[in-house]
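Letters are used for the chains, namely A, B, C, D and E, taken in the order the chains are written, and counting of residues starts over at 1 for each.
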Amino acid sequence: MSSNLSSHKKKLNGASKKSGLPPGTLVHVGKKHKSECKISVTQYSKEALIQRELCSVKELEHLKTDHLITWINVDGLSDIITIESIGEFLNIHPLVLEDILSTHQRPKIEEYDNFLYIVIKDIEIQPDKELSLQYEQISILLLDHCVITFKEKTDDTFTSIYGHLNSRNSRIRQFDSDYLAYVIIDTIVDKYFVIEDHMDDVLGPLENNIFFDSDANLLQTIQRIKRSLVSMRRNIGPVRELLAALQRSDSDLIQEKTMRYFGDVYDHVLRVMDSVDSFRDRISDMHDIYLSSLSNKMNETIKILTIFTSIFIPMTFIAGVYGMNFEYMPELKWRWGYPAIWVVFIIAGIGMFAFFRRKKWI
Amino acid sequence: MSSNLSSHKKKLNGASKKSGLPPGTLVHVGKKHKSECKISVTQYSKEALIQRELCSVKELEHLKTDHLITWINVDGLSDIITIESIGEFLNIHPLVLEDILSTHQRPKIEEYDNFLYIVIKDIEIQPDKELSLQYEQISILLLDHCVITFKEKTDDTFTSIYGHLNSRNSRIRQFDSDYLAYVIIDTIVDKYFVIEDHMDDVLGPLENNIFFDSDANLLQTIQRIKRSLVSMRRNIGPVRELLAALQRSDSDLIQEKTMRYFGDVYDHVLRVMDSVDSFRDRISDMHDIYLSSLSNKMNETIKILTIFTSIFIPMTFIAGVYGMNFEYMPELKWRWGYPAIWVVFIIAGIGMFAFFRRKKWI
Amino acid sequence: MSSNLSSHKKKLNGASKKSGLPPGTLVHVGKKHKSECKISVTQYSKEALIQRELCSVKELEHLKTDHLITWINVDGLSDIITIESIGEFLNIHPLVLEDILSTHQRPKIEEYDNFLYIVIKDIEIQPDKELSLQYEQISILLLDHCVITFKEKTDDTFTSIYGHLNSRNSRIRQFDSDYLAYVIIDTIVDKYFVIEDHMDDVLGPLENNIFFDSDANLLQTIQRIKRSLVSMRRNIGPVRELLAALQRSDSDLIQEKTMRYFGDVYDHVLRVMDSVDSFRDRISDMHDIYLSSLSNKMNETIKILTIFTSIFIPMTFIAGVYGMNFEYMPELKWRWGYPAIWVVFIIAGIGMFAFFRRKKWI
Amino acid sequence: MSSNLSSHKKKLNGASKKSGLPPGTLVHVGKKHKSECKISVTQYSKEALIQRELCSVKELEHLKTDHLITWINVDGLSDIITIESIGEFLNIHPLVLEDILSTHQRPKIEEYDNFLYIVIKDIEIQPDKELSLQYEQISILLLDHCVITFKEKTDDTFTSIYGHLNSRNSRIRQFDSDYLAYVIIDTIVDKYFVIEDHMDDVLGPLENNIFFDSDANLLQTIQRIKRSLVSMRRNIGPVRELLAALQRSDSDLIQEKTMRYFGDVYDHVLRVMDSVDSFRDRISDMHDIYLSSLSNKMNETIKILTIFTSIFIPMTFIAGVYGMNFEYMPELKWRWGYPAIWVVFIIAGIGMFAFFRRKKWI
Amino acid sequence: MSSNLSSHKKKLNGASKKSGLPPGTLVHVGKKHKSECKISVTQYSKEALIQRELCSVKELEHLKTDHLITWINVDGLSDIITIESIGEFLNIHPLVLEDILSTHQRPKIEEYDNFLYIVIKDIEIQPDKELSLQYEQISILLLDHCVITFKEKTDDTFTSIYGHLNSRNSRIRQFDSDYLAYVIIDTIVDKYFVIEDHMDDVLGPLENNIFFDSDANLLQTIQRIKRSLVSMRRNIGPVRELLAALQRSDSDLIQEKTMRYFGDVYDHVLRVMDSVDSFRDRISDMHDIYLSSLSNKMNETIKILTIFTSIFIPMTFIAGVYGMNFEYMPELKWRWGYPAIWVVFIIAGIGMFAFFRRKKWI
């Protein structure tokens, strides 16, 4: 089916790539990451823990063992055939496969007869450009005693979860697959707090400096932060709705006692959203202050201009008067004319100075 | 009935054209396209596919064959009599016919006893003016085993659908008419993504240049994009509500398994709306930056003005003083008076320069 | 009861006129139109049509004939006694009579046991001032087989309806009084489209000129249009709610088949509201552009100021220097001093010119 | 209980006065009015009307007579003991008494088992400062055949109600206590229209003058009106919700036929809110115009500055040139040098003038 | 479990501290206060009152006595083990313990099988910086006949409650633990009014001065107040929802008669929110005025500049003209040339003055 791609050359990255293809055609839409498809399977119960990497999808068939909870994690979405065969093997609706491959999804939850499909975004700070964020779509399929996750690339997002799985006494080993899904979501939401802290670290110094320093780069920085916050809102906001829907859901796949935990993540997302909103307020205040300080600067410049003009222009006029070449200018003959004119200059200067002082300009 | 038109001369294009006519009078309201009414009929089942163009509406009566799904597509709305007879033949409510002909409808869905009436807008980029968009109203009537579509003009919007219909194994051939309606809507919504990508392509370079280049045309461009986005919002926004209503609907015409697909288009529309909103944020930020850069420019101009004035005005004054013609001006007689005055000039200049440097102006 | 009016002299036009009177006192609140109370009665069925003007309210008693639908239209509200006796004759709640007479009502619908009371506003462009609108309150009472309308003054709003009534085959003659009420509302809503077109005609040229021409009158025009749009919103917005309420209503007075038609007017009102909102966006954009162009102008003015000052001030200084009267100024004696100074002037001028060119100012 | 007050000295007027006291402690929070507690009792039926002023709360016990509707009005809230004993006598919940005494309540309705508690605000224009409003909290307790009202001070708000009560045929005498409550609310809401008219009278002239006259006081006036409108919104807005709640209420205290009347007041409040909102729009437009006119003024000032500088600076330079003392300046010797220079001056002046004319500055 | 902390060194204060830890790990997130964990237990009934401080959690086991209502208050959250053992002793869900320790919670209510968990924020003015606020998270667990509160540090927030408990006749002694919970919330909400009053005290003088004095610090002050108000909104807003949820709740732990009291606090919170919103309006108005006054100042400065330039530049030009050294300048020889030029100067000056007067500049 992916052969359909060849007929579509113009633009490969945008969401419009699929325009014209029959609905349900599997095409990987999004940034291509180099990593190949990597399938890791973790099976666990209170007593046992088995972890391995699969070479081919066919091995999945030999996998099913009773009394074990299975977590299949797929890193990398470029190998469409693999994804497709996983889908066939687990009997997943073609629309879900399509959504897994198209990484411009909004976070959402969809209930199917035999599974829940959850899309959520992992956020990371781009290592080189500290103000722009990178999003990775993570798809979670929650089945009976089984969780399947799809990630765009191999990274260490799930490392800590594997750590908890290794610990025999950890709560994750006592609960069913719904708790595993919770832990995965919770881990991703916890990373939002890291971003939140980072934003706070960036905003703090900016806010302190903005009253004193206001070069043009500042405006660019403000714009870049603003845009990051907008993209955060767009990617985190729907998570809130997702979790609210999940709590309202009466799916058998989620047990009563796990519900509380989802309620807890929901609270966390609310808090992140609160922070993002307050960041937006702060950044918009900073923009206002920046504009005010521009105005202030111009004001001061014009003040200086006015002071100079006002002090010297009248004196220059007087000097000009006595530079005239009229034959009959009695003052020019006066013995004390020149010193007197200096007195006039000084008085005019002091007068102007006093005037501006009264205006509170100097 | 269309003879009523003759009595109405003043203005033929606006929505107010119908003012004063009895409700239910069929008048084509909207831009007239040259294309005549063209009726194409496609009938298909898993096994068969029949396509033909009709010369007259009467041929429709000979059409009805069992076990086939029928898709009647009408290109061009100027031939009111044809539209009217189609309406009569299929027993369509006069208000629906009125809405089909009046191309200023908001996208909407209406449930009637025997059919669903859906209005949706196709968007295209105007070939010559890349920033303004063209809308085409597409009316979809979903009946039992039958879909009728009305388009304003002949274009290639549905070409890809005909392609899928030709393929025997395509999903469209396995499903009923509700899936055909879905494919039509999905095809139109997919075009929204093309527009989204185009907008992104336009905004990107603008955003990069705005900090450096800020001529007056930029403001016009920003305004034009803003207006395009507003019109997109107005034409896509109601599609969201339409699809939500369709999902809530309990019409027999839509089967349970097709519902999922409508849910998928709904998600797509949500994403387009998200993008449009973020574009609006970006364009409004650009406006702010444009204004800031205007202010910045003025600031710099005034700074230069101030520097020149502040440096030369005092020196001009001093030159004026020694241009005075007083008889008793001892300095004028001094041997080193003239060089001394140059020293004063240079010191004053350097002092001013240092002052502005301290102010971080130079 | 209207004698209460005499005790209330201070201010006769404002809504506060009734303050202090017992609730339910009938007072005509609003602009007084000269037209006297004019009562026209139209009775019709499929077969018959009787039209006449009444001289007194008492004739109403002789009116009631079976199998005919009666439409009583009252033009002019100044004759309180007439209104009151109509109210008594038809057993209308005193609060409704009060509302009919007070022409500052918001559009609304009220369900009473035996009738529906609908208030709606007719909009017209003031003939002399093309940017300000005139509102006329039209009250519609829908009873069983009977519609009563109250208008502030005699005008041709209902002329087209009388025309349709004259035509034996028109749909209006086939339906009951609820359809008549629909036709009245539809006629008024159609006039909104006329206003919409007019606004579009006014805004178009303004938008094209605003980038080039920006005198102070423009701001006044913008403000005037803004205010017109606000008043349109206030008078049309509630009509939307009114029609939504009407569609939800389960009153026996409205038949199932007429409901569709009210749904159609509802759609029209939605479209008008969409347009009004987009006009507001456009007018607010125009305000922004106006302000930007003000800034641009100031910027250009300051640029010219700076160029002049920057070119001539240094040269004036140099001229001043050689206008000094020091005895020992060797340059003054030089043979080529004067031409040399001109060379300096020219070089300085060209240098400045080049500097501003590099700044992209000239 | 009021002895608790003595321990609380710091600040007596603010809402924080009660902070630290046990909940339910009766303290008069709000502006102290000089008027003592004045209790007026009105009892009426269709046939009878008894009015008197009580000296002590104990007289209330002798009051209860069958078949009469009782209205107890208390003017002044400073006498806490009196209020408390009324509360005890009528078995009113301590929280209600607390709310009656604390005059910073939001308008609200509370349903108790045996009575309805309504808080509403009376608005008056402060006699000396015409732009600031004065609010008086009026508490209404609607019991079975009995209404009790508490006002902050003695004024003529209820005078017109007493007038209607005097008239034997007035509707108020035919209805029960719920209609009395309606009349009281209606009377207060009618006063909102007086304020609305007053605001309109203030805004009208301001709007006409703002394009021509724009001194700094104007900004203060605009701010003061803005603040008045905000406070109006805050005090009237909840009345809308109150009346909506009242209409939804199924309390036995309100009869079906009175409901209509409350619906009517509800409409009035909607209209007042509409007006307040449109006033806010107008005042905010005025602020925008004020700022525009500031900009315009500055623009004109700078234009004048530029014109003067541009015309005279080059000419002064030329004059400076021929003021130089070079020995070899041939022009100085020319017979027509001086007239020629005047020609240059005049040409330069006219050229500049023509330039600015082309720029449309003069 | 707290040993997990050691592995986490990078940043100890932010909300991201918990990122990577298994969910449910108890870590104190928030500002560390020096105070150790202090446990005070108050037990009371109508007849008895026992108060003591516990040294260890184990003493809790000996505590339970019938017919007494128990209030356990824990000051300080740094001693995780103590908190944990309290949780174990009372069988509290681990997620609740986690929330108690993490002091960045939003105010919220959660219903568990055997208790209600309420989080609320106490606000205090920072003693040294009067414009910034300090928040303290207070967790309230309402159990059957028992209330447990957790505070971040030891302060006098609850002092007044202990006072009321001491009084045998106080209502608090007559009611059950739900009333105690109400009193605690009411006490905290009453402190909001103190903050409100403080804000009012700060805003009042600022508003009066802003038209006259507008230095750069003002902007900083405005920003600081704005931020305080935003944080107040964020911390008080959810309390409103919390109390609304509490009133809707059908928990057995809250008795019917206490419900009224919670309704009363709810009203108080509404009022505080109203005030905060109006403060925000006022502060945003002040920002506008500040910007206007900046513009005004600049306007005045430019006016002075223009006046000086316009008066002296033409006169300087004339002086320059008669400073030229042409041989044939007849005016220079005139007897009255010099006095005549002074007349010209004076007339020019007066003319300019009159011109500006007409422009209403002087």
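Definition applied: a residue touches a chain if its C-beta (ideal position, glycine included) is under 8 Å from a C-beta of that chain, and two chains touch if they have at least 3 such contacts.
From a predicted model like this one, the values you see are computed outputs, not experimental measurements.
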Just how many steps, at minimum, does a route from chain A to chain C need if it may pass only between touching chains? 2
Among all the other chains, which ones are in touch with both chain B and chain E? A
For the C-alpha superposition of chain A onto chain B, the rotation angle in degrees, rounded to the nearest 5, equals 70
Are the interface residues of chain D and chain E largely the same numbers on each copy, more than half shared, or largely different? different
How far is the middle of chain A from the middle of chain D, if each middle is the mean of its Cα atoms, in Å? 43
Gap in Å, rounded to a whole number, between the CA centres of chain C and chain B: 27
Which positions in chain B are in touch with at least two other chains? 295, 298, 302, 305, 309, 313, 316, 320, 323-325, 329
Report the residues of chain E in contact with chain D in the complex, numbered from low to high. 160, 164, 170-172, 182-183, 186-187, 190-191, 193-194, 196-197, 200, 211, 260-261, 263-264, 267, 270-271, 274, 278, 281-282, 285, 288-289, 292, 295-296, 298-299, 302-303, 305-306, 309-310, 313-314, 316-317, 320-321, 323-329, 361
For chain E, which residues are in contact with chain A within the complex? 11, 14-16, 18-24, 93, 95, 98-99, 104-106, 108, 110, 216, 219-220, 223, 226-227, 230-231, 234, 287, 290-291, 294-295, 297-298, 301-302, 304-305, 308-309, 312-313, 315-316, 319-320, 322-325, 329, 331-335, 337-338, 341, 345
